[in-house]
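Below, subunit A partners subunit B and then partners subunit C, in two separate complexes.
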Partner chain A sequence: MKIIIRLRKIIALIILLAGLIVLPHYLEFHYQDLLIFLIVNVLVVASYRIVTLTGEWSLIHAVMMGVGAYTAALLFKNYNAAMWFTLPLAGGAAALTAALLSFPLFRMTQFYFLIGSFAAGEAIRLTWMQFIFPFGGSGGLSGIEPPIIGSIDFMDPIPYYYLALGVVLICLFILYRIENSKIGMTLHAIHWKAPLAESVGVDTWRYRALAFIIGSFFVGIAGALKIHYLGTITPNQFGIGFMVFILIWVIVGGYKTIYGPLIGVVVLTIFDESVRGFGELRPAIYGGVLIISILFLPLGLESIYPKILTWCGIGSNSSDGPPP
Partner chain B sequence: MELILQSIVNGLIQGGFFALFAVGLVLIFGVMGVVNFAHGELVMVGAYTVWVLHAQNGVPFIPVVMIAIIVVTAIGLLMERFLFRPTCNDPLAGLICSIGILFILQVLATVVGGDGPSKQVPPPYHGTLVLFDFLHVPYQRVFSFFISAAGLGTLWYFLTRTKFGWALRAVAQDREASALQGININRISMIAIGVGAALAGLAGALMAPLANINPHMGHNVIITAFIVTIVGGVGSLSGAVMAAVIYAMFHTFITVYFGGVIATICGLLLMVVVLIIKPTGIMGVKVSE
Partner chain C sequence: MKITRRDFLKKTATGVVLAGVATGLPVNVFANEKTVKIGMNIPMTGDYAPWGLPGLYGCEIIADDINAAGGVKIGNTNYKIEMVSFDHAYDTEKTIQGYKKLVLEDDVKMVMMLGGSTVSSILPWAQRKKMLTTTLLPSDITPKSEYVIATCESHPLYNVTGVEWLAENFPEAKTAVIVTNNDVEWGLQSASTYKAAFEVAGIKVVDVNLHGFDVTDFAPIVSSVLAKKPDIFCMATSFYTTPLMEQLYHQGYKGKIISCTLDYYNEIIAKTSKEFVNGTIFQFPDFDDPALLQEGIHFPDPNGFDAKFRKNHPNDWSAVAWEYPAILLNWIEGAKAAGSVEPTEVLKALKSNKKPNFVFGGGRWWGSELWGLDNAIVGRWPVVVIEDGKARIKEFRSLTDWLDKNNDILKKNMKALGLRTV
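This part shows the complex of A and B:
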């Protein structure tokens, strides 16, 4: 029985992958663009999940993406560094920033952490805005190019999509393995039973900082991926507005399982495109959907599937909630 | 010397505004445990009400301030009844709901006022008060300062001298214990958010003639309110008022000498430092789990 379930999962994964590979060839240029940003945002929410595993909601994730993006942009502008260098270095810079920030930030928990991370992030973002050299001020930097290898020009959306897809899939795989490793289990333990975890000798501070650093590393890579395609970078791309979108994706999707945030970002991006015709009313529709989903679907979109299974009488009534 | 004195006076007046909207945030958080991210947008709605009625339609200033307070209070009460009450068991859900309201109010403001440049409201009071030959304070600011001081004084009276005020502080201290004493938690929550929203509306209405009015003005307001709340101590109203004045002076001085963005960066760093050294703030007490 276990093997069948496993086999089914693998087949589903292969179908999904095949779909992702052929998908861009059937889309218009505008949607190809969108698909690349969607892929990048998938990495953003997946890395955010690692940070939230311990139960702390940080508001600095968007700025960490910016740290990665600015690192990549500055390396490219000043040293003409190839993307193969800028990607890991962007992740490294974000991870380093996170490591330094973890000393003050993880002295706080809950509400204080939320506000403290928001403040630290705003301070970093305003620094980019204030200093024209080297960050380009509020106008930012432009002319950051994707690489050219032989005859393949990654300026085109389709090759860049495959590049981004490859990087993101590798990152997702690593994140998945981390969550299911001993580290991931410890993070879950800290979330649900922090005093118990502490009493059996888990250094909660260190693990929370570790989760923050890992999440920042991957979101830094996502930032570099985005900026190499977009070509321009401004401080406002990483403001509280984008952070709010990350929160919305994760919460509407559901944060109990690893799939929830991914479902959230995909469904809401499609939804966002479908209401494009409403123009300036769009944020209000978004806000309305957000409120409705919080009120009527507090566990997120991911909770629909098990519910349907239970109604049909197939699924076991298992929940991923906290142990009693 | 004259510049320093002038900055102190300006900072004091600015502090009055900061205190008005920060105490609202503190009240709502203290009683309901919700971080109201839409608080800046409540201030924005207050300012827009003044712009629409006073600047566009010529209704006198003082009645317009009253109307702004009523409009914003109504929005606050609706938020409590339909968003915060159903989600009261999950503080994160309340936060997310307030972000949803933030989007909706911003779009509403864009629909009412159009995109375009920031709106200006001509100050209803002209002229400048000159003290000791060198301190120049426009009458509009003097007026705003006294009104905000009066607003804060009324709040202080309400909280310390009336039964509702006692009940409200009791709920902020311990929800369950006060429910056991027969306090109606829902009614107290209504009052808390009503008072908080009314103060935000008052702040927005008073600020309207002095600020640029646009749909995104709430952003700076909420940052300021967070800084003031944290520095003053979460859940401490007197702390928030003191921190508002201190932060306003701090901000005014750094703005005068180094510019506005640097001032905000320094403010945020100040807040982080306070969070590290004394997370309960200057006047804070330890919040029970």
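This part shows the complex of A and C:
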């Protein structure tokens, strides 16, 4: 039985990969761009999930993406650094910032942590806004170019899509491995039974900080990926508005499994684009659908599949409690 | 009834001829008629929507009028105009998507944009596709942005005309304070321009408060600057004119007020009083103003346009309502001169005209002294004052004359606030 389930998963993965490879060739130009930003946002929500594994929800993740993006932008603008260097360094800068912020932030938990993370994020974002040198102030920085290798110009959407897809898949694989490693299990344990975990010698502060640093590292890479394609960076790209979108993607998608946030970002991005024709009514329609979705699917879109299995009598509803 | 072979052939032949006439006539009549698409990549939702959506409404009015009159003749072809819009909500990601959709999929011949970081994000594509792109913020122009032009609004340079008028008409006003948001695209550009204008006019700036977008309570800001007892309160290009005006009203300010914009001034009057708002100086007229009927104004039937706009969209009039249409009119002028709708041809024709039609007249290409490229049209600009609760043009003043005399002072003040100049 296990072999069949595994085989089914591998086949599904192969079909998904094949679909992702051929997809851009069937899309119009501006949908190719949308696909690139969607792929980057998949990494954003996947990395955010690592932070939420310990039960802490932060409001600084968008700013951490900005730390990575600004690092890449400044390295490119000042040192003409190639993207292959800026990507890991962007992740490193975001991770380092997270490590430093861990000391004050993880003295708080729950709601206080949420507010503290928002305040810390705004302090960073306002610094970018306040200093025209070196950050460009509110107007930000522009002219950050993607690489050109031989005849492949990564300014074109299809080559850049494959580049982004490759980087994001590697990152997702690492994040998946982390979640299913001993570290991941410990993070889950802290979420569901923190006092019990502490009683058996788990340093919960250290693990919470580690989750925050890992999440920030990967979202920093996502920031660099995005900015090398956009070519322009401004502080507003990483404001509370974008952070709210991250939260919506994760909440609507569900956060019990790694698939939930990914489903959330994909479905909501496609939905947002599909209602573009409604013009000024679009935000209202989007908001209405969110409310309906939260009311009728409180455990997120990821809970639909187990529900269907339960209705068909071939599975049990496993989305109500903690993961095994 | 028996149909003979002769009858059948006769009737069939008649039918074929009639069908040929019916289908052939329009083909012959409209053989040289085409549709040209003009793109608008603007914010239509979100915080910046008031500086995007009214512009689309305005352009649709102009395009409908032109189309109803039979279109516009460019070269040997008669063109109907179709506006194609994309809502980028002032988001750089969506801006790039929108730009590519308009240019590569919709085949528009010009893209109108608001300006700022959204224009920076599409610059590489404008260059690569040689696409004529317009902005309302000429500070977007760089030495390398040859396809980006600003043919209507030369924000914030025209603010100097308001200060000049104020200094001449109220010589007793000798001190000023400036309060505005600290963003690079609007606030700082405007604050530095006002500082330069005050310096030229011999008015001393006693305080400058550049606040962030996070401010929700303007009482302490207004209190602190009013403590300097200024004769003039300058809001530069503030996103917060309404709360600032409310605070000035509640704190009993009696001096002169000057601002770049005063969008939705009726709301300000409703929140304060007509008497308080009367006398406020700004730069954006309503288009029902009789002063716009005088010679030298390059905008067809401005009063009729205003009436039509307010009838169709009663609560949406803002400064951009006539600015994007004015840019559209510039494009038509360029396309007619070029005899072509192709972006590079239109740009070439527009740039080769040393005295281009400018909405308020007296236009000329300018910009290399400040941004490295003569890609902005500057000319006369109106000084507008609220009188009896209504915006009224007091005078048109020459921006070009001021720039010719005082460009160095302007540059000095821009550099002092860390802004880019050549």
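Annotations
Heads up, the rule we're going with is that the second predicted complex is superposed on the first by the 318 of 324 C-alpha atoms of A that agree within 3 Å, B and C clash if a C-alpha of one lies under 4 Å from a C-alpha of the other, contacts with A are read in each partner's own complex, and residues count from 1 in each chain.
The rule is short, and it goes like this: a residue touches a chain if its C-beta (ideal position, glycine included) is under 8 Å from a C-beta of that chain, and two chains touch if they have at least 3 such contacts.
All values reported here derive from a predicted model rather than from experimental measurement.
Overlaying the two complexes via subunit A brings subunit B and subunit C into a clash.
Once chain A of one complex is fitted onto chain A of the other, the partner contacts of A:129 extend to both subunit B and subunit C. When both complexes are overlaid on chain A, the residue A:283 reaches subunit B and subunit C alike. Of the two partner chains, subunit C is the only one touched by A:140; subunit B is not. Touch criterion met: A:294 reaches subunit B, while subunit C stays clear of it. In the superposition on chain A, A:83 makes contact with neither subunit B nor subunit C. In the superposition on chain A, A:30 makes contact with subunit C only, not with subunit B.
Residue contacts after overlaying the shared chain place A:263 against neither subunit B nor subunit C. In the superposition on chain A, A:115 makes contact with subunit B only, while subunit C stays out of contact range.
After superposition on chain A, the subunit C segment that clashes with subunit B is 239-247; the remaining candidates among 239-247, 347-355, 383-391 or 401-409 show no clashing C-alpha atoms. Applying the stated touch rule to the two superposed structures, the overlap between the subunit B and subunit C interfaces on subunit A comprises residues 122, 126, 129-130, 280, 282-283.
Against subunit A, the residues of subunit B that register as touching in their complex are 29, 35, 83, 86-87, 90-93, 96-97, 99-104, 106-108, 110-111, 115, 219, 223, 226-227, 229-230, 234, 259, 261-262, 264-265, 268-269, 271-272, 275-276, 279. Those residues of subunit C whose C-beta lies close enough to touch subunit A in the complex are 44-46, 49, 53, 87, 90-93, 96-98, 100-101, 104-105, 116-117, 120-121, 123-124, 128, 182-185, 188, 212, 214, 418-419. Note for the complex: subunit A touches subunit C at residues 28-30, 33-34, 37, 122, 126, 129-130, 132-133, 136-140, 142-143, 145, 155, 226, 230-232, 234, 236-237, 276, 279-280, 282-283.
In the complex of the two chains, the subunit A residues touching subunit B come out as 57, 104, 107-108, 111-112, 114-116, 118-120, 122-123, 126-127, 129-130, 240, 244, 247-248, 251, 280-284, 286-288, 290-291, 294-295, 298.
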